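The letters A, B, C and D name the chains in turn, as written, and every chain counts its residues from 1.
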Amino acid sequence: MVVVMQAGVEDALIEAVIGRLSRFGFDVHRSSGVSQTVLGAIGVQPDFDVRQVQVLEGVAEVYRVTEPYKIASRTWRRGDTVIDIAGIEIGRDRVAVMAGPRVYENEAQLESTAALLVDQGVRFLRTGLLRPKKAAHSSEWPADDRLRQMRAVADTHGLHLVVEVSDQTLVSQAAAVADIFLIPSTGMQNEVLLMEAARAGKPVILQRGLAATIEEWLMAAEKILAQSNARVMLCEGGIRTFEQSTRHTLDLSSIPVVQAKSHLPVLADPSHGTGLRNKVTPMARAAVAAGAHGVLIDIYPDPPSALRDGPQALFFEQFVELMAQIRLIAAAVGRTVASPAR
Amino acid sequence: MVVVMQAGVEDALIEAVIGRLSRFGFDVHRSSGVSQTVLGAIGVQPDFDVRQVQVLEGVAEVYRVTEPYKIASRTWRRGDTVIDIAGIEIGRDRVAVMAGPRVYENEAQLESTAALLVDQGVRFLRTGLLRPKKAAHSSEWPADDRLRQMRAVADTHGLHLVVEVSDQTLVSQAAAVADIFLIPSTGMQNEVLLMEAARAGKPVILQRGLAATIEEWLMAAEKILAQSNARVMLCEGGIRTFEQSTRHTLDLSSIPVVQAKSHLPVLADPSHGTGLRNKVTPMARAAVAAGAHGVLIDIYPDPPSALRDGPQALFFEQFVELMAQIRLIAAAVGRTVASPAR
Amino acid sequence: MVVVMQAGVEDALIEAVIGRLSRFGFDVHRSSGVSQTVLGAIGVQPDFDVRQVQVLEGVAEVYRVTEPYKIASRTWRRGDTVIDIAGIEIGRDRVAVMAGPRVYENEAQLESTAALLVDQGVRFLRTGLLRPKKAAHSSEWPADDRLRQMRAVADTHGLHLVVEVSDQTLVSQAAAVADIFLIPSTGMQNEVLLMEAARAGKPVILQRGLAATIEEWLMAAEKILAQSNARVMLCEGGIRTFEQSTRHTLDLSSIPVVQAKSHLPVLADPSHGTGLRNKVTPMARAAVAAGAHGVLIDIYPDPPSALRDGPQALFFEQFVELMAQIRLIAAAVGRTVASPAR
Amino acid sequence: MVVVMQAGVEDALIEAVIGRLSRFGFDVHRSSGVSQTVLGAIGVQPDFDVRQVQVLEGVAEVYRVTEPYKIASRTWRRGDTVIDIAGIEIGRDRVAVMAGPRVYENEAQLESTAALLVDQGVRFLRTGLLRPKKAAHSSEWPADDRLRQMRAVADTHGLHLVVEVSDQTLVSQAAAVADIFLIPSTGMQNEVLLMEAARAGKPVILQRGLAATIEEWLMAAEKILAQSNARVMLCEGGIRTFEQSTRHTLDLSSIPVVQAKSHLPVLADPSHGTGLRNKVTPMARAAVAAGAHGVLIDIYPDPPSALRDGPQALFFEQFVELMAQIRLIAAAVGRTVASPAR
């Protein structure tokens, strides 16, 4: 931590700040310039609240020098984290495509989607449950049955199952069937959910919250990593800005930023990020071009009849066209996307 | 819902959109101008996803005309909702001050705070528990004991107890002691928490999420109201903007906006909103001047030694000074703040 | 400037960065901790682009320690700048109210407004010209005549004239009549305008740009101060955020922030900031409660018939009521607002 | 315009609003539902201020149905605008690359850059002048000489010259040498600059302002188009959001959004948008993948010694590598980038 004193403050005030820093457990180095004194405080803990120093009399500015996360940082691990899902590596030179209906409605729907994915060489089936309208645990919401059906479809087609886990009441049920958990943006700040999901031992995709800085997103990842679950993937899903012509603003520059700061793979979700079908294709292509390790795409056999979020889902033929384009783009940046089975 | 067709689209396309709207259950009125056709679709349900129409061919823009919330709106209830807490009315001409240590640390701390509140005529003691660092339900986090202690202190001093409930694992324990629940900004999107908190039957203060529009905030309130819990108060706690010299940007214009759209009382939390002690006093004054029905203020006997968020808490003497100022400001806007006991 | 090296970088890289910093003209102090090296670089010029260091190999983070502005800062001048306008001091214990039609339309309109201001003890008449629709200098836009009429009305009533100067083609004409220049938010980034306005020698109110951080706003003020024009007032006018129920978000916390960082007076413009009449009154009250040295209020004799921005202007009777309220609020925070003449 | 009345308002109020709309010149259609009345007002002028209706008693919401711009919209012109620069078409199937030193420093620098561009098949040399530090027109800032030198270098290499025009004092000088004007983001709101630049008769690249919605950006383009200058290109350059790890947030979803709303070509400037060299390459690739008609790239022979913005400029070898990548990506989306000369 670096503490910049106000110009011209008397020495007693500087000494008081030094004393206070020592009591916080820091080793303090004082460096006095012509008009300003700067204090270096070594030994800061990641979660030290720098405002505790900011409010001291005579202090002008405080900079936390170490990142507020540790295991998630490149400092902790130089090389890239590569997550192996039954032989498919995420985080290396493959662009992992994860697609499917955001909300599972029925077996026929998932069946036809799974068949398309296999056709396109896609290995990850992504889906989820409707959020509870009434009580959690209600009999109107037989999550278990649906989860078992999802698993059966995935097994039939040899696909890995990515299940959205939006709250902790779902964790144990989803753990019984999912290969990968997806925590949606609304869950990023839910600490109980992060802990429970981490402890289930599944690889976790952590979507960025709408108001989350990249730093906060990595701090949320840290909470999962700290539970000894090392298989965390990040997923850019859009941030909230003043621009309203897309639902959110997909911040693709977060991809190279995360790759510099962290060793974790980073994906993008242009369906959630843009919210409108005809923006999904260009932004999915852009995500791959920006270096994403994967993309999540909403598709439905008939998007207009989807119960939820149909307007942001691709039709099958649009998905096939997108796959053709991202295969070429992946090649341009030294990555690969699986080729169609036939 | 109003559907604006693109200029110059052929009639067949317009008819197709009308057909689609009818199948969604709308009653459609067509109005054709010189260059553009506008369709009025009556009978929309509050949660209809207008993007379903936005993506249809030939459609230029879609406007949801009815608000996406119902019970929370002034349309549902013209007069102000007034919440009676043992004879103290929130939502009428009183400015309710709710103050105390954001995190309960020990009885001595709460005791001295409670004594100060009584002195100042304040009737609401606001506090909470540290967020779990490890597992929920862990033995390291004996929530029950602490909650009982809070209640005892409140009872000794005749204060109403406002308890922060940040996740649903806390709901039943907190319900045993709290007079009012406070859902913090990070919980606004947690639907399970909203439902469980609503069903506990306590009055609920719902803090605005950092990325929440006023509309989304009212939609979250609607989820509580829909559980037949009518005692909801809103609390502006700051939004995330590009400005970083305060932790968040306290959006005080939300106060008159909410008062026009909704019948619910609206409070403000300048401690959370600004994050820095010397900004709390001016912004608390400003909130009262803007017409807030109450303010939440963090205070500690010794803020620098607080375990958490000390930098945004007032010292006792600052709180006393603030109280004197807001009594005058409340009077200027036709409201009252309780006078000191002595 | 403080340069934090990446953890574990080899010494040669650190030496290379030190060498580069020396060539930039810095005096470098090296401080090596267990895992990380931090370099203090003393002698930075306010406008040094820290990204030049940020992109060097081995560098993790760079913090500019000195503010990017100088004359505008409290370091340059400890005490408050007080601007004396013919005996009326702005920046001390008075809340200066500046009101009038945003756009001058005709003499009758300005006459009746001026009479109301005198009645209310207000000393500043604020107005401006319509922005040119066609060419600057066009004969359709006889700025000179209108400016002379404004001056005549101000003189008749003994008022000080505040004129909005939105582009540099207006500077010399406006200088002939105005007592104070008001640079609107759209002009904050127009460097030619800032320089020309500064050199006209009038006191300047500098409104914050919609996307301007407080730091950038102070840097813009610095450009005026650097032209040896010390009479600069800042004016919060709203920032752009995701919230769209008000036109902009009036960031009232900027008032205490600016007062801590700078010695310049700071005003607020709730008409521009909220854009809607019924939000102006609560936010004007809030600005005074937050400690603003003044407020700018749009008023028209008949707002609905105003050529421009009528919806954000108060009716006369609303203004009178607002004045009564802010007199009380000013008193609550140790300030005064002039009393009505009768 | 669609006017939604509050639920349950009395008929007299509705009639008053209808009367008011008629006086504004609208043709009004009334449509009454069970609980709410909706008024369609036909004949609105693009720049009508809808707030004039929003503030009327009994009005709940107002939606402007027509876009606030006209010539810039797809309604005005269905097909894409293609701008022909001496045989090179922008807006069709070519990705136009425009590169060079953001600030012209000396002939040697521009010579070597131009040679590289020719080598890479790039046809547009992009550069500009330092912003005036002191007075405009000052002898310390011999713009004319520098502009002539730029032109000479461009001519020698057969390149088209793109010159940044940041304020109107530069327009006539720049017009003497430039093939294309570039109005930077800080100039988007400067109406005098827009008009003067438009009248110079050069094709104009209009960069999006940091706080500009896409609608406002198109309204600024409209001001140029309205001066009978039809050769306008838009350029996404980043918006200001809460995320601070890049200088701005490059909003690539604006590319498909603009392409749906307008017939004008749209480019992207990842150098300005990200502000850091190692983010420029991924975001330039992403812009092409998203469908941009061109990209602007800062390059310098030796970025670390550049007077300004060196940290966001590519080294020559990085530019060559980027060109190779975007040639492949362009092909993937059905576009072309010129091939290297050898």
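Everything below uses one rule, namely that a contact is a pair of C-beta atoms (placed from the backbone, for glycine too) under 8 Å apart; a residue touches a chain by one contact, two chains touch by 3 or more.
None of these values were measured; they are calculated from a predicted model.
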item	value
Joint neighbours of chain B and chain A, given as chain labels	C, D
Which of A-D and B-D has more C-beta contact pairs	A-D
Centroid spacing, where centroids are CA-atom means, of chain C and chain D in whole angstrom	27
Approximate Å spacing (C-alpha centroids) for the pair chain A, chain D	31
Gap in Å, rounded to a whole number, between the CA centres of chain D and chain B	39
Junction residues of chain A - those touching two or more other chains	211, 239-242, 244, 278
Of all residues in chain C, those that touch chain D in their complex	20, 49, 51-52, 54-55, 131-132, 134-136, 166-169, 186, 189-192, 195-196, 199, 209-211, 239-240, 275-278, 304, 308-312
Residues of chain C defined as touching chain B within the complex	211, 213-215, 239, 241-246, 249-257, 260-261, 273-274, 278-279, 282-283, 285-291, 325-326, 328-329, 331-333
Contact footprint of chain C on chain A as seen in their complex	2, 4, 6-8, 29, 31, 33, 35-36, 38, 40, 42-43, 61, 63, 65-66, 74-75, 240-242, 244
